[in-house]
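As written, the chains take the letters A, B and C, and residue 1 is the first residue of each chain.
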Amino acid sequence: MVRRVLSLTSGRVAMTVLLLVALLAALGPLLAPQDPLATSDDVLAGISGGHWLGTDNLGRDELSRLLAGSRVSVLGALEVALTALVVGAVPGILSVYLGRAFEWVTLRLADTLVALPFLLFAVAVIALLGNGLTQAMLVTGVLVAPLFYRVARAATLTVARSPYVEAAVIAGAPVGWIVRRHVRSKVLPPVAVAFAQTVGTGFVIVSSLTFLGIGVQPPEPTWGGLLASDLGYLGQKPWAPVAPALLIMVTVWAGNLLADAIRDVSGEAGRALLRSRGARRRPGTTGPDPAPAPSGGVR
Amino acid sequence: MTSAPHPPRPVLEVTGLTVRHGPRRRRRTVLDGVSLSVAPGETLGLIGETGSGKSTLARAVLGLVPVSAGTVVVDGEDVTGHDERRWRALRRRGVVQYVFQDPLRSLDPDLTVEESLTEPLLVRGVPRTEAAARARRFLDRVHLTTALLGRLPGELSGGQRQRVAVARALVTEPRVVILDEPVSALDSANRVRVLDILGELRADGVALVFISHDLGSVAGTADRVGVLYRGELVETGTAHAVVNRPGHVYTRLLVGSAPTLRGAPADRAERDRLRALLHA
Amino acid sequence: MTAPSRTARPGAVPPVPAPPESLPGDRADRRPAGDAPAPPVLSLRGVRVTDRTGGRDVVHGVTFALAPGRTVGIVGESGSGKTLTCRAVLGILPEGFEVGGGTIEIEGTDIATLTPARWTALRGAVISAVFQDPASYLDPSVTVGAQIAEVVRVKLGLKRRAARRRAVELLDAVRLRDPELVGGQYPYELSGGMLQRVLIAAAIAAGPRVLIADEATTALDVTVQAEILDLLADLRERTGLALVVVSHDLAVVAQLCDEVLVMRHGEVVEQGPADAVLRDPRHEYTRLLVTEHERYGLEKVLTPEPSKETP
C-alpha cells in the first residue's frame, strides 16, 4: 500500500510533508533557540535577529514556542484520530458480523455520542480522570468515533452483501478470514479519509481545549494555543497568527492529500490507474493487453 | 456382476422445503413444499422468474437462508438442523458449490484471479503451492489461459469472469454445483462456451442444478426440468416432455413466450388466453 | 458515398452487399397488389458514426427505410454499433461522436438541417424511444401517472386535468391492469415489466410514428418479455407505429421484425427480410449466431409439428 501511495505525486508530496511534521514533533523542543516559557519586556515585537518570528503578548519568543509546541500538538491530534479509529472503525466493522445485540448497542452508543454536548462531556470526564492531554484527547477521540463507526459500517455492509463474500462463506471461510481478505481493503480507503480529516480537526480541538485550560495548561505552548493567543492581538501584530495557522494548514492539507492518495490507489480503479501509469512510463513492459483499457488513453 | 442397476444415490435431496420470510405479521411463503433430487452426473434444470423462489431455493440448500419446514440432505447428510459451526465444516468439504449470476460482482475486484481461485482451498488449509497448482488446473478446465492468473476481475471480459467463477466453484471438486442464472449476463458466444463447459462437467459425474428464467438454455442442457412458480414446483419432467407437453398453465405460457428463431411456439392470441387463465 | 434516392434500390451496402431480396424497396414491391408502398417515416442512407477523438468510424454505413406499421430489427452484440445507430437517429449521440456521413431522414426531413428547437418538437411527437433499464428513466419521487401527465402537458399542451385523464388512458393502452391504481404508484412499487410499460406509455404519449426499442426487453423475464413484444406488435397494428427493435437476441428480433440488420464491429454484415436471414443466413457471423442459438435453445427440444417428429 505504501509503495502504491508513493507512486503518485500527491502521495509523495503528502508523505514528505508529514515526515517533516513528524521530525518537527520529535526534535522541535530541542531545536527551540530560546526558552519557550521565558517572558521579557519586549512584548509583541516584530521580526528581528533575536526573535525570528517576533514575540507574543508576554514577550516570549514565537519561534521557540512554535517549535516547542509541535510535539504536543501533533501527538494530540494523532491521539484523537487513533482513538476514534480504534473506538469507531473496529466496532463499525464488527457490528455487521457480531450479531443483532452488538449491532443494536453500538448503533445506540454512536447516536448517543453524537448527541452529547462536547465541552460538558469533556469537562465531566476530566473531572473524573484528572486533567491532562491524554485524557482530553481520549475524550475527543471517543466523541469523534461515531464518524469512523458509520464510515466503516457502511463500507462493511456493502461488502458483506456482495456475492464474492457470499462465495467465501460458501467456501466455509470464518468471519476473521472474510474481514481480512475481503472487507479490510474496501473499508480502508474511506476510513483513511476520515482519519486525515480527524487529524486536521484534532489540531483545532487541541487548541480550543487549551484555550479553556483543558488538557494542556496555558503556559505550555501548542500550535492551536499560539494561534488562539495571537488572534487576540491582531490589532497590534496582524501577521502574528500566520505562522501557526500555516503550520496547521499545511499539516492538515498533507493529511487530506494522503487520504486522497490512499483512496486513489486502493480498489479496482486504483489498480487500473497505477497500471496505466506504469504502462505509460515503461511502454512495452506490460505486453499486449486484451482487456478493455479502463482509463483510456493508454495504447 | 450383472445385478440390477441401482439408480445412483442422489447427492442432493430436498423434501417438502418451505421457506417463509418477513416479520410474523406479514410473513410471506417464498418456497412452499418443494421436493427434488439430483443424482451424480445429472443436470436438473429449474425454471422460474423473478420472485418464483428459485434463488431462495439455492440459498436454502447452501444454508444461507433459514428453512421453515422440510429437509435438505446433502451427500447423505441431513443438514436441515445444522448450526453455523457444522455448516462451516460441511462447506469446507466443498461438496456443494454455487455459481452466481452476476460475474461482475461475484469476484472480489481487489483479488487476482489466482487469489479468488485458491480461496476455497486455502480456507480448508490446503498448502499454498498445491492450491496454486489446482487453480492452474481448473483455469485450464474452463479453457482459460493461465496468463490470466495475475489479472484482476476488472481486466477480464464478462465471459472470462464467469468462467473464472465456474472454475472457483470447481476447485474443491464438488459433487453438486448450483448455478444461478450462470449465462443470463453473457453474450451469445460466451453463453455457448459456458454451457459447453457445463456439459463437460456432467460427463465427469458432477451433479448440476441449473437455475434460470431462460427456458432455452435450461431445456437445451438439463436432463430433467422443474418449473417453479410462486414458490411451488408446478411441473417436473424431462426437458422434452415439459417443453412439448406442458401441463400447468404457467408452463404453457412460458413455452409459448420463449422466443425461437421460428417465432414463439404459441401465437399472440394463445398467449393472451393463457395470461387471462393464469391471472384468473 | 452517393446516396441513392429513396425509391431506388440503395445498391451495395458496404462492405457486404445485401442480398437482392433484402432491399427495402423490394419488400414494398412484394406487398399485396394495389397497395402502393407508403413513403418511409424513417430512412437511413449510408449512415456513418465517427468517433471524433479517435478520428475513426465506429458505424460504417447503415441503410434502411422504415414504412409505417413495419418493423426493422438490428441484431448485434455490445459494441457492434447498434445503439450508436439508434442514438444517431434520435440526435442524442454521446459526447465526441458525430454522424460522419450519409443521411437520416425522419418523415422526409433530413435531420442534419434540424435546429435544436425543431429537434425538441420532433422527439416524442414523431420519433420516440425506450431503453433497457426503465427505472433509471423515471423520477423515483413522482408517481408514474404524474410523470406521464407531464409529458402529455408539455408535448400536447393539455391542461392539468385533461393530461391526468390522458395519462390513465395511455396506461390502459399499454395494457396495464387497473391503470388508475398504477398511475398513482411510485416507480419502486412496480415491477420491471410494469415500468417498461409505463415508459412505453410515455413514449407513445404524443403519438409518434416511429418507436425505437433498444434492448427494451433484455432485463425482463421471458413471459414478461413476450408481453412487451406482444404489446409493441399490438400498437403497431392499431396505430401504424413503425418500430426499430434493437437486441442482442436474434430470436427476439425474429419474433417481431420484417427486416433484419445484423451488425458486428460497426458493420452491417447481413441485411434482409427476417425469415430469409434467419432461415438461410449468408454471412458466417449470422450463421454463427443462428447455430449458437440452436445449440442451446428451445429449438433443440421443441418438436414443432407432431407429424415431423424425428429423434
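Throughout what follows, a contact is a pair of C-beta atoms (placed from the backbone, for glycine too) under 8 Å apart; a residue touches a chain by one contact, two chains touch by 3 or more.
Chain identities (UniProt): A = Peptide ABC transporter permease; B = ABC-type glutathione transport system ATPase component; C = ABC transporter domain-containing protein.
Only a predicted model underlies this, so the values are computations on that prediction, with no experimental measurement involved.
Taken as a contact graph, with one node per protein chain and an edge wherever two chains touch, the assembly forms an open path, each chain linked only to its neighbours along a line. Compare each chain's C-alpha centroid with the centroid of every protein C-alpha atom shown, and the nearest one belongs to B. Ranking every chain by how far its Cα centroid lies from the centroid of chain B, the top place goes to A.
Spacing of chain A relative to chain B, judged by their CA centroids, is 47 angstrom.
Averaged Cα coordinates give chain B a centre that lies 34 Å from the centre of chain C.
The centroid of the Cα atoms in chain A and the matching centroid in chain C are 55 Å apart.
Those residues of chain C that touch chain B in the complex are listed here as 77-78, 177, 191-192, 221-227, 229-230, 233-234, 248-252, 254-255, 278, 288-290, 292-304. On chain A, the positions that touch chain B within their shared complex are 162-174, 177, 181-182, 185-186, 266-268, 271-272, 289, 291-292, 294. Those residues of chain B that touch chain C in the complex are listed here as 49-50, 187-189, 191-192, 195, 213-217, 219-221, 239-240, 243-244, 253-265, 268, 271-272, 275, 279. Of all residues in chain B, those touching chain A in their complex are 62, 64, 88-94, 96-98, 100, 102, 105-111, 116, 119-120, 123-124, 151-157, 165, 168, 172.
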